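What follows is a single structure, written as structure tokens, with notes after it.
Think of it as A, B, C, D and E in the order they're written, each chain with its own count starting at 1.
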Amino acid sequence: MGEYIVTIVTLLPLVGAIYLAVIGRGENTTENDLKWTALVFSLATFILSLSLAIRFVPGGGSQFQTDVEWITAFKLGIRYHVGVDGLSLWLVLLTTLLVPLALLSSWNSIHKRQREFLISMLALETGMIGVFVSMDLFLFYLYWEVMLVPMYLLIGIWGGERRIYAAIKFVIYTVVGSLLMLAGIIAIYYAHGQATANYTFDIVKITEDIRGGALSLTPATQSLMFWAFGLAFFIKVPLFPFHTWLPDAHVEAPTAGSVLLAGVLLKMGTYGLMRFNLPFFPDAARQWAPFICFLAVIGIIYGALVAMVQPDLKKLVAYSSVSHLGFVVLGIFSFTDKGMQGALYQMLNHGISTGALFVIVGMIYDRRHTRLIAEFGGLANVMPVYSTLFLIVTLSSIALPLLNGFVGEFLVLIGTYTSTVLPQAKLFASLAALGMILSAVYMLWMYQRVIYGKVTNPANLKLADLNLREKVVLAPMILLIFVMGVYPNLFLARSKQAVQDISAPYNPGAVATPRAGVMNETEEK
Amino acid sequence: MIPLWWYLGLSSLLFTIGAVGVFIKRNAITIFLCIELMLNAVNLSLVAMSSYFGDIGGQLFVFIVMTVAAAEAAVGLAIIISIFRNRESLNVDEADTLRF
Amino acid sequence: MQPNDLGINLHAVLPETIISVVAFIIMMVDAISRNIERRIAGALSLLGLIGAGVAAVTLWKHDGETSYSGMIITDHFRLIFAFVFLIVAFLTVLISMRWVKDEELPVGEYFALLLFATTGMLFMSAANDLVMIFLGLEITSISTYVLCGYRRRDLRSNESAVKYFILGSFSTAFLLFGIAFVYGATYQAGATPVATTNLQIIKERIAAGHLFSPEMLLAGAAMMIVGFGFKVATAPFHVWSPDVYEGAPTPVTAFLSTGSKAAAFASFARVFVLTFAATPLIATAAGPLANLQHAWVNALAVMSILTMTIGNLVAIVQSNIKRMLAYSSIAHAGYALVGMVALDWTSVAFYMLSYVVINLGAFAIIEVIARRGDRHTEIADYQGIGFQSLGLATALSLFLLSLAGIPLTAGFVSKLLVFKAAWAAGSQTNNSLLHWVVIVGVINSAISWYYYLRVVVAMFFAEPATGYVKPRVSRSLVAALVLAILGTLYLGVLPGKVLTTLDAANPQNRTAKR
Amino acid sequence: MEKVLFIVLAVLAIGTALNVIFQRNPLYSALSLIGTLASLSALYLTLHAQFIAAIQIVVYAGAIMVLFLFVIMLLNVPKTQPVVEKHKALGFLAIPFAGAMIAEAFYVLKTLADKKITPAFAIDTTDRAVGTTWSVGYSLFTQYLLPFEVTSVLILMAVVGAMVLARREGD
Amino acid sequence: MNAAHNETLLAIIILAPLAGAAILGLFGKRMSERLIGLIACSTVAISAIISFYVFFKHRVELRDGAKFFDYLFTWIQVGNFRADFALVLDSLSAIYILFVTFVAFWIHVFATGYMRGDKGYWRFFAYLNLFMFSMLTLVLADNFLLMFVGWEGVGLCSYLLIGYYFNEGYANDAAKKAFVVNRIGDFGFAIGLMLLFWHSGSIFYFNDPARGISGAFNWAMNQAADPFTASAIFAGGLTTIAVLMFVGATGKSAQIPLYVWLPDAMAGPTPVSALIHAATMVTAGVYMVSRASSIYTKAPTAMFIVAIVGAATALFAATIGLGQWDIKKVLAYSTISQLGYMFLACGVGAFTAGIFHVFTHAFFKALLFLGSGSVILGVHHEQDMRRMGGLKKYMPITFWTMWAGWLAISGIPIFAGFFSKDEILYRTFIAQGIPDVWAKVLWVVGAITALMTAIYMTRLMVVTFLGKERIPTAHEEAHAHAHPDESHQAVTPPGVGPDEHEHHGGPPRESPRVMTVPLIVLAIGAVFAGFLGIPKGLSDVLTGGKVPNYFERFLEPSIAHVGAAPHAAAETAPAATESAEHSGAAESPTKELLLTLLSIAIAVGGIGIGLAWFKRNPLWQPPRLLEQKYHVDEAYDAAIVQPIKVGSTNVLWRIIDQQYIDGFVNGMGTFAKIIGGLLRFLQTGLARSYVAIVVLGALVLIYYFIR
């Protein structure tokens, strides 16, 4: 039992959605009222979730837990178990932050079905938070799947030209993976139940039992389950070559959808890898790591190269996500605390930077109704503030030091490089580092084509610079880009314990073997 | 003594004839007749076993089957009449608007 | 034999009696009155169903009693399924009340036939003897033959009836032959009875290995699978169902695809899971029972794979929503079979319970949108209606997504249960085929999303088709929808209570305890 | 002697059964089927199942088949109706399917061949023996009471159903 | 000796420009030019003053190898990886901050005049201040990662400032090119850094017991030197680290093969070229190599590579410089060439000489660039030397100050460049650790380069300032300026461009005082800076050793030496084994003197050739190959850029992504549909066929059961 704060944070947006669905069907309710209602709910959620971060004890495990029986009949052992640990804390905050920003960013860009749009957004928020706070496999799967629906609607109803194709592709891709995960969930549930005579979906318990040796699976079994779980996550990440849904979904989704898709949904995949694949299937993870890292590295380079030649801004950003998320996967499968911390950090970075990029693309889309790079050029002349903010986000995306992207990327690289578990770690890290070069190429090239130069298209001459609302949307993101780049320990300290718990089994005795001099392990301030 | 399996064999033969009849005949009524033939084939088995084993159950079963057959005949013929009224044909091959 | 040994127990057949009596009364009322009956018939049916439900509740504590010389067993298995059938009938009555009037069809007979079919189904789940199963099955079948052809002037309805009739009778013959073989196989000279159709005795004979001919048993079981497989529409015996479902009037389709399927599953499970299989999972030693169980489990596993795959793949390419749901219901039979091959009665029962609720809900909406004469059943007819009839469209989306297996709805829990059961059974019996069944099952679930979502796409994403007029929704239909939605959500969110009940009712656990 | 009788009846039954499916006219098929039913009835008598034999003739041949004939005459399908010879391929499946089915049946039944079983009617020849009207009647109202009663529902339902479907429009 | 001290003032050195950048960036748009200039210059002035204060306050300790830390906060800490935001002042960084802040201050001052009237005035100075922050962070960082921060930071500012005229396509291309090429170098640097961490478990330079930190250099000092073999490069040891880091240096310091960005970088405003692309940033590579001297000295192969690349670049760039017409391009190639010199010095182990050349180069090259800026402004934004000539009479101050720079870079005695260049050549000649014949070859290359330097610089001076005036009339100019690509750009907003202010008017004229004063100051530096590091041989001969080599003496503690025994430095970081360098066998005052004379001769000869040649024939057509820069850009474009672009578009995206992967995915969908479409034909609608299917199913099923 214990606290309900997590539950409240999770369900508050849903309450908002229901409230929106019910209230003000009369003609007195303007669209503005609806928007403000939604915004207030999402902001309230954010503020509540801030208290999670504030009260979170860095060294502790899962906190603010609620654990009540749900479906215990039939020896199912399904519990409503939610909580926040170092792994999920920041992802929850990322979600609660991005939703109000996404709402604000599309304040004036939704022209039909405003109410349903807001409902979808809020419902989506609940789903996303739920995925991160679930400490029960059943509950996790539940949120994981249910969340598809609002996203599906967002793409399908408020999307672009080929929205139906994109929406269906998105769902089918995801569902194929997630249903295999369901098979995996059943398998691990059953295996755990048999081994410990305790049939439960509880993630914490299963993790503990695997770590403690109460449940040990044969490598072959592990491999199967690893892929059953993994495929779902790899598709979501998306790891090359499961990525092709992403460009379509991103391009067709409305701005707010893209922001959340890139900002949060993709993280669910990597989160799942850290939450399940690594702790549950250590042997399989070790066995498959080279292959996965191989794919991740391909994804990094491939995504960057393909991003480079995209004529469409959103597609470019989408492919850049493939590249960035490749880093995350690489970091996770380096099995080092550095790599994983970096991966976790990179998730947040990507959420903010790419979220901001989509917001930025959305802003000119709202003005010009096109996303083709060739349509733009010379925006610096007419939209200086926009250009400046765009530049900062671009730089964050190409991992400039003292901006957030760098910390994550570097930790991933150094974690991978120094991995003792991953074979050919140095090669992987070195190849991945190529992504640093390529990201500079495609991002700066894109930036140059859009922002620099003379205004060649008369349509761009009268573009208005950012208004207050748009500045307000970008301000928190920009601020975070700096804060996270300059003082990452604020974040890292809270995720440290969780990451160590995951990485420790892979590196027995790693702490004891410093190579030179004294390693400083003291708690940072 | 006639071995039991003779009866059963005969029953199987009749059943087969009925079954084959169902899918080679086109006339709805003939198909129906073939189904009746199949039911009768089963009846033969049941009666034979019932008599050989000395268990009345089989014959009671046949009794029930006959009732069912009667009910089926009533309804089946009604259906056939009903479709005939609309189509003026008893050829089941022509009833293929519902497909794929 | 003295009368008091016969186990005559009117109470034990009270639900069936009530319903058939009500059916009779409806016909009487129909015959006597000309005007008021139109409303009364429906109301009477509902009352009768409720009465039967109450009667069934009163039977709850008589768990395990057999009556009528072992023809009927009053166990929770029976009652649970009785409730399922009653729910099906109840909802079907609700969704047909207006429809049958609008279509200008004979009202009294319609409800009477519906109730007779329900009686048959009740007998199917209550049967403890192959005779009763056969009888119940025939009552259900014959009345549904009629119902399929109920719209007499409609060629599609005719065709549906004639196909259903021919194939139904044909497969019944197989079932019957199978029963005969099983009957023969149970011959044991000098025992009482010498040969039997009583399921409990059959089971004892098989388990003890006292069989006249194991081969006959196997062949008989195979032929019974043909018969039951036909009723539940498993591949390759499913071929009738798309045509019949498409052609039949929509409420009848709803009834067929839920009630008759569930009833068949009840008997199927009664015969195979409870009789032709060891409890709890497998007879370890070789012997007739082990052979039989091995054979049918594997056969059904393969059939389940085939069924799911065919159902889902062909559903993808359908353009008629009724036909699509027909294939979908084939696929769902496949999922339920997964529970069967896992020998897990509870999950099958739960699957059926949730499936009927969801499917009836879906068909209720299809019926409304189809209008008179089932004219608007193409998916194209659903273009853009999402925001014009928001409530209907949302409800239909819910049902379809639930069929696809989205969490928080009954569809998900039921799928989870059957897959879990099959996985566990596969592990326990070292039968990797069962694991494959699960894997194919989940892949099929993924495929199914595609066609379920197609409807959602049409409703919400596509541009509205011109000429759509909002249908009028009767109160009874709203009631049915509300019940279905509540049921779908209740079973999806808080299935605990139902599951506990089902699990306690599971006859396997009972015998295991003994 | 018994075997000769059996064989004669069996040949008769099979012959008429084949005739059912080889006849083009349903009328002849129906008549032919009556022959089969009669042969079966005789076979029931050889099995000492007198009651069943009787109702086979009375109910089956007498009532049900008459109903068939009645309907055939009622519908009076014109002989000149062109027969649509679609899907002839199915006809070719008949032989292999029939062969396979028979093979399977006899594969099963041949296991019974070495099981010597003395027919009960050869031992018990009382008038209460299995197959007599007494035995059938007794069982019908004792052990098979419920099925018997339930058939009434069945028949009632069939009557309703047939009536609904077959009555003329506007009734 | 070398105790760790604290010096909290260090933070102010880097934070003052940062504050300036922040203020200007946020509020500069509404400020007057005067205020902007004041803020920009004063923040740099603060840095400079504090740098000088700190330097003089601690000069003694620094000379003894003391280090002054300023720990601000722990930046990243994960497991055993830790990177602090902490600064360190030792003799190396002390020298660096001195001349960086000093030169930068004067360039800032110059720029306030140069940029006058520009629309992006505030932006320019915000970038410039940001650059100062980055550069000083780079120099003062106490660990490699923080150095990397500065490293990338200066790259960013370079990017921003090169692309300052963002309406100009070439400027944007140049900016992007600079950033990307630098990133390629950073790629090597980063991997080298990781490898270093993998070995040493630390990315800090030095031990700092107060923070419980062990330094990578302390680890490196304790390692045995790698053998001098090619295989050592790939062995993953110190040599690999050194080579990888040198890749980073080639990017930042524009060495072969990554030099290509620097000439293009001249697209930025001239003060930028002076500050970033001549005086400070581009020498970061040299700084890094010197900083990591304790690693390099253990990696002779890497040293050799550094020397070869340095020498090759020096010669290569010098030849191109001979063929350029753009005044800034000449200086750019000259810079590349001089950077090559510095690396040559590092490569032969003469780190102090390298740094000394950095130091002197900062003065004279900044001077030359500013001078060229003054010229460009004087002739109204004309950079082509063919349209100059005879400017001496119009711009006397500019001419005379540049004259000092010219002599300095040519290596005329007394002038700063002489001392440093001479030292390098000498050290090369006597280099140890590499085959002797290579030492001589390198020396020859260096000498030839020196000759060519003198020639092309003379050419520059002659063509620009002497001879006939070739300044076109306004009409001609307009004609000549009509860029072909501009003509079709119909829409020209009231943009920002280099050509906006004071365009096309009047004869050349001298620049205002705010620009000439910095020129004069730097000219003084260019003349006298060299006296801080008179080579020992020279000193011995001329002054009897009374004037010591202050520079070398001061820098000594921060630099490691080839062959220093591991145990000798066990206790501290780069130990001041003073004797090591001087005890070399090859060293003798006479030889040194001889070589000095030789280099003087080369310088004088070069100038002579240049004067003789170009006075007569100022518009001499250089070889096409040189004018076209050996077509290296084109080759890169054809060999790397285009294949990647085309391959990404046509192979990766259109074929692999869209056809194969998506094709597979959609194919699965289509496949399912096709199968479904086939299976539906089981459903013929024919009841009899259904019966057949049922029978077939039954037969199979029964067979399975009874088999």
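In this text, contacts are C-beta pairs under 8 Å (C-beta built on N, C-alpha and C of every residue); 3 or more make two chains touch, one makes a residue touch a chain.
Everything quoted here is computed from the prediction, not taken from an experiment.
Identification of common neighbours of subunit D and subunit E yields B, C.
Traced through touching neighbours, the fewest hops from subunit A to subunit D number 2. Chain centres computed from CA atoms place E at the largest separation from subunit B.
Closest to the protein's overall CA centre, chain by chain, comes A. Interface comparison, C-E versus B-C: the higher number of contacting C-beta pairs is recorded for B-C.
With centres defined as mean CA coordinates, subunit D is found 30 Å away from subunit C.
The distance from the centre of subunit A to the centre of subunit C, each centre being the mean of the chain's C-alpha atoms, comes to 43 Å. Subunit A and subunit E have Cα centroids separated by 37 Å. Averaged C-alpha coordinates put the centre of subunit B at 96 Å from the centre of subunit E.
Shared interface positions of subunit D, defined as residues touching 2 or more other chains, are 86-87, 90, 93, 97, 101, 104-105, 107-108, 112, 115, 117, 120, 143-144, 147, 151, 154, 157-158, 161-165. Along subunit C, residues 131, 135, 138, 142, 145-146, 149, 152-153, 161-163, 166, 170, 181, 194, 215, 218-219, 242-243, 450 each make contact with two or more other chains. Taken residue by residue, subunit A touches two or more other chains at 172, whereas all remaining positions touch fewer.
Across the whole structure, chains are in contact as follows: A-C, A-E, B-C, B-D, B-E, C-D, C-E, D-E. Of all the residues in subunit B, the ones that touch subunit D in their complex are 1-10, 12-21, 23-27, 29-30, 32-34, 36-37, 40, 43-44, 47-48, 50-57, 59-60, 62-64, 66-75, 77-82, 84, 89-91, 93-94.
Only residues 169, 172-173, 241, 243-245, 302, 305-306, 308-310, 336-338, 341-342, 378, 380-382, 395, 400-402, 406-407, 410-411, 413-415, 417-418, 426, 429-430, 433-434, 436-437, 440-441, 444-445, 448, 451-458, 461, 486-489, 492, 496, 500, 510-511, 514-522, 524-525 of subunit A touch subunit E when the two sit together in their complex. Only residues 104-105, 107-108, 111-112, 115, 117, 120, 138, 142-147, 150-151, 153-154, 156-158, 160-165, 169 of subunit D touch subunit C when the two sit together in their complex.
Those residues of subunit C that touch subunit B in the complex are listed here as 131, 134-135, 138, 142, 145-146, 149, 152-153, 155-156, 158-163, 165-166, 169-170, 173, 176-177, 179-181, 183-184, 187, 193-197, 242-244, 246-247.
Subunit E contributes residues 684, 686, 688-689, 692, 695-696, 699, 702-703, 706 to its touches with subunit D in the complex.
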